[in-house]
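Next up: some structures, all given as structure tokens.
There are two complexes below, and they share subunit A, which is joined by subunit B in the first and by subunit C in the second.
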Partner chain A sequence: MSTEGMKPSTSAPGILARARDIRCVYGGGEEDFTAVDGVSIELGEGQILGLAGESGCGKTTLGNALAMIATPPLYVLSGSLEIDGETIDLSTLSTADLKRHQPYRGRTVSMLPQGAMNSISPTLRISSLVRDVMRAHDPKITKDESLDLARDRLKMLEMPVRVLDSYAHQLSGGMKQRMITVISTLQNPRLLIADEPTSALDVSSQRMLVEMLLAMVEQRIMSGIVFVTHDLPVLSQVSDKLAIMNAGSIVESGPTRQLVENAQHPYTRTLLSSVLDPSQETRRRGLARRSAAQATTTTAEESATTTEEVGKP
Partner chain B sequence: MSQPNTGTPQERTPQEEMITRSTTEGKILLSCQNVTKEFSVAGSKITAVDDVSLEFPESSVLAVVGESGSGKSTLARMLLRLMPVTAGTITFRDQDVTHLKGSGLRKYWTEVQAVFQDPFASFNQFYTVGSLLRRGLSLAQVPKDEADVLIEECLGYVDMKPKEALHKFPHQMSGGQRQRIMVARALMMRPTVLLADEATSMLDATLRVNVLNVLHDLKNDLGLTVLFITHDIGQASYLADRVAVMERGKVVERGTTEEVIFSPQGDYTRRLLSDVPDLRGSLKS
Partner chain C sequence: MNLGRYIAQKTVWYLVALVAAVGLNFLLPRLVPGNPVDVIVSNLSRGGSVTSEQQKEVYESYVQEFGLDQTLWQQFFTYLGKVFTGDLGTSFAYYPASVNELVGQALPWSIAVQLPAILIGWVLGNIIGAIAAFRGGNWDRSVFTTSLFLSAMPYYCLSIILLYVLAVVTGIFPVGGAYSLGLTPEFSISFLWDALSYYWLPFLSLVVVFIGGQAVGMRSMAIYELGGDYVNYARAMGIGDNKITQYIFRNAMLPQITGLALAIGTLVGGALITELVFSYPGVGTLLFNAIAANDYPVIQAITLIITVAVLLANFGVEIVYGIVDPRIRAAKSGEK
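Up next is the complex of A and B:
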């Protein structure tokens, strides 16, 4: 594995990031398990790439590799990320590899992990979390500078500044998730990896978070998002491009509208057909399923009656 | 609220007939009348459930939908008698069960079972699935031979086989498998009512449809009454006979699925529906 940190590259104009041939395995057991198998993705400036697929297909692992936070037993065997004219070697097999990624983590690429809102310390105010995160990236930053930055950002996004003085239990799930998103992007990363940011939220909170993410891209707080989720309707609303993952590989990708309306791969079609939206079509499917189940029950009962009758002396 | 088609059976479509039959003919099995739950937080009182009355006809699915914090789960916990009510009455088979204790409550729990959102949190990670399922039955004093037969039967309801499940630890199973084991565990007591609290929200779309289909089948095969709590209105429209919408502890709208989801009368319900992401819509300008 190369320990070379970076080298100049020739990114095409308008392309924010390009990841190539990412291979990840989970090791440490009797045999390695390949979680991501040679995936390449490309994201334009100001774009949102939706990464969809079922649990266990490798979405989160790919997100971890892109965010450079892969730690054992997860190993990135190969892969590179071209961003801002630099090529970052993503492979990790040793602690030295992780240190090599340090300058990029949180700054060039920021990660919003799954369930992050549940990790807020219950005994500290949100302002303390802001200071901790900022100090982790810049030890010289003062308390006032960190908080000023957070206040400005909240005002820019039309969110209440008083949230900084709250404890986690005083905030709703939706507000916690929006605050975590704001905090994870205070460094103005070029790329945000958002892993299932909407999954634990109800539809109204989902909508507010999604609108905030769109505003953040529009205001260039970050230049692009890789949005990882199994929720296709959410993705279809926010993403410019979709990539569908299955068993560690991308089986189909393309512009969102095109992929939703004219999916080619059978797996993509299965995923799309499983979406339950509150439509007449969903209702018809539910009633059809019920009719089928009732018919089966009735047939079984009739069959039992007939058998009994036949068995009569 | 629009009225259901009350014409003669000959005038109704088969689907309308099914809805009318399932929502008007079932005997009321479980109900709550004017149930309220207050919590004391830092010296002040928060009303989580406010004067809610609901009825659950036999062999039907009632979906309770609403945003986080609207009181859906608190209501379920009170119906399950895991939490005392502040005021109101819970009735099961025409008996007041609001203050049941001891053996009476244990008997109630065999009839009213629950499946919760996070199957991982509901299993002890240090025991195999087999041990966990058998323990529930041994507490109910079911003999071992009968227990094994019952486990096999209930795993069959969720399309699983003892060989592929019993020797595994919970962490060795996928989220969907764990959720199906939870449903099987709830069914082992041969309940008449199943409270499913966000039971499918952690599942992928395809697995979610599978579990909903299992609930459809169980309703038809075993005559199960289901309280399906969800914030996902799409799931409610797929599964439910009736829908109740909760906002800040109150039921603000109720009716058949067709009435509530396709002709909502309340502003809150309309807003909830408008926030549901549309697969063919876009928020991008």
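Up next is the complex of A and C:
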């Protein structure tokens, strides 16, 4: 997917959020598995931070810790998030911590989840979810006020308003993902954690979603995004900064262009070289390699047949 | 979405099922080898005082009375006509008592003991199961173990244990029956008060097992739903636990509704074992006695009532499912 030229212009931003020393484990017993090991990140106002790495490296776990939704068997042992002049203790060791974080969720830090396809209860209309999300932070808001806000947001993003009356199964995958994006940002969160939001989408839906997210940052619907994905081509075009994760740690981070063009860490270089390049040159090289391999196999088979025939009495 | 179309479609299917069920209900007892009138006549002549002439007269009179001299088709249409006018026939064993009268006497006792047991058991079981799933830990472990034990326990076992402990040993409740000897069933405070003391044991033996079964089912469903993406997302949006619990409960209760409806549907058949253990005069006891006496009209009437009740219950489930789950409504009404 090409998203060239879609990146919002950012000039010397102030700091939006700073996360320090996040440690997460799965298990909570003697055989804990450390998924995130002392990660710290920093994000400027209006910036998009790309968080990349192979599957299982801890990206989603870090996203869950930042979004304050870690539930057993995932425990956040330590970590803090400085945002809006407030320092939030991210550690989640019991259900009491989950309750402590509730006022921040959806408003200070919101989440655009990996499984957006199933993120809406199948027996719930979209409008009901919108109302519940709005009431979670403003118990006095009426149903009409909530829906008016959602309608305005949909119109602003040039989306059909009628989707509010739908159930999840009545929407296409792309529409569902965009609707979830709208709901996730209804509270104008300061920081949005977008966890693999484009993974399950076709390329045209991917493009629409990315354009929508960039438009939202430009219009200051939210002040920054942590964009978690293994899709490096998308990240290299939409993010201002990149952080590469491996085995629960960030091995390298920096401005996107600098990191893509001049990666220092061997893992980053390996990851970047693993990206499939659909250019003609790469295709030619691939085809040439395959032809050479086939030729070698055929020669070997012919040679074996000849040897057998020679050996016959 | 078209709820009307969905209901219309379901109604047609259930009418077809009803016709098939009525046909089978008529046919199956007639496929059983032997003639029920032979049994009655041979019972009459056991004492040896009935002559063969008299036997023949009685036989012919019964055959005519029950319409057994007609062809199967004629019998079927006679049966259909009677069923649709609410006439379930005459009992063989309690001749000349009508089946309507016998079932009418037994049915209130079965409904009175089972309906509250099913409803209370369903509500309590689901609440207990849901709480166990949400709380987890020791609460869940103890609730799950107890519920599993109770639901796996056969009705008759619990009935006999309760009967022995609460009636025979401690004497808290009467041993059997539905009311004290010498009383006649009537709607008076004194009679209802007397019947209440006989009511508790069969009620308890049913409700306890039902609570266990429902709690186990609800717990499993709620645990499954708790891991759903929509739960994590609602939490990430700052939605409170009470609201999330409502989402989960609504989705987890769908299979439970089926269980409730089927239980209500089959309750008209009586709780056979429980009624026998406590000598309760419900439909279960009537059915048991009818089977023992080859009283086909009574057996046929009870199975017909059970069939109709189960069909109605399933129909109710389909409608409730359509209302609760929009996906089912859409799929079944052919909506794309």
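Basically, the second predicted complex is superposed on the first by the 272 of 313 C-alpha atoms of A that agree within 3 Å, B and C clash if a C-alpha of one lies under 4 Å from a C-alpha of the other, contacts with A are read in each partner's own complex, and residues count from 1 in each chain.
The rule is simple: contacts are C-beta pairs under 8 Å (C-beta built on N, C-alpha and C of every residue); 3 or more make two chains touch, one makes a residue touch a chain.
As the structure is a prediction and not an experimental result, all values here were calculated from the model.
Residue contacts after overlaying the shared chain place A:183 against subunit C, while subunit B stays out of touching range.
Applying the stated contact rule after C-alpha superposition, one finds that A:105 touches subunit C and leaves subunit B untouched.
By the touch criterion defined above, A:207 reaches subunit B but does not reach subunit C.
When both complexes are overlaid on chain A, the residue A:191 reaches neither subunit B nor subunit C. When subunit B and subunit C are set side by side, the one touching more residues of subunit A is B. In the superposition on chain A, A:233 makes contact with subunit B only, not with subunit C. Those residues of subunit A that touch subunit C in the complex are listed here as 67, 69, 71, 98-99, 102-107, 110-111, 113, 115-124, 129, 132-133, 136-137, 167, 169-170, 180, 183-184, 187. Partner subunit B is touched in their complex by these residues of subunit A: 48, 54-56, 172-174, 199, 201-207, 210-211, 214, 230-234, 236-238, 240, 256-257, 260-261, 270-272, 274-280, 282-287, 289-291, 293-294, 296-297. Of all residues in subunit B, only 14-15, 18, 66-69, 174-176, 202-209, 212-213, 216-217, 219-221, 231-239, 257-258, 261-262, 271-273, 275-284 touch subunit A in the complex they form. If you check the complex, the residues on subunit C that touch subunit A are 228-230, 232-241, 243, 247, 250-251, 324-327, 330.
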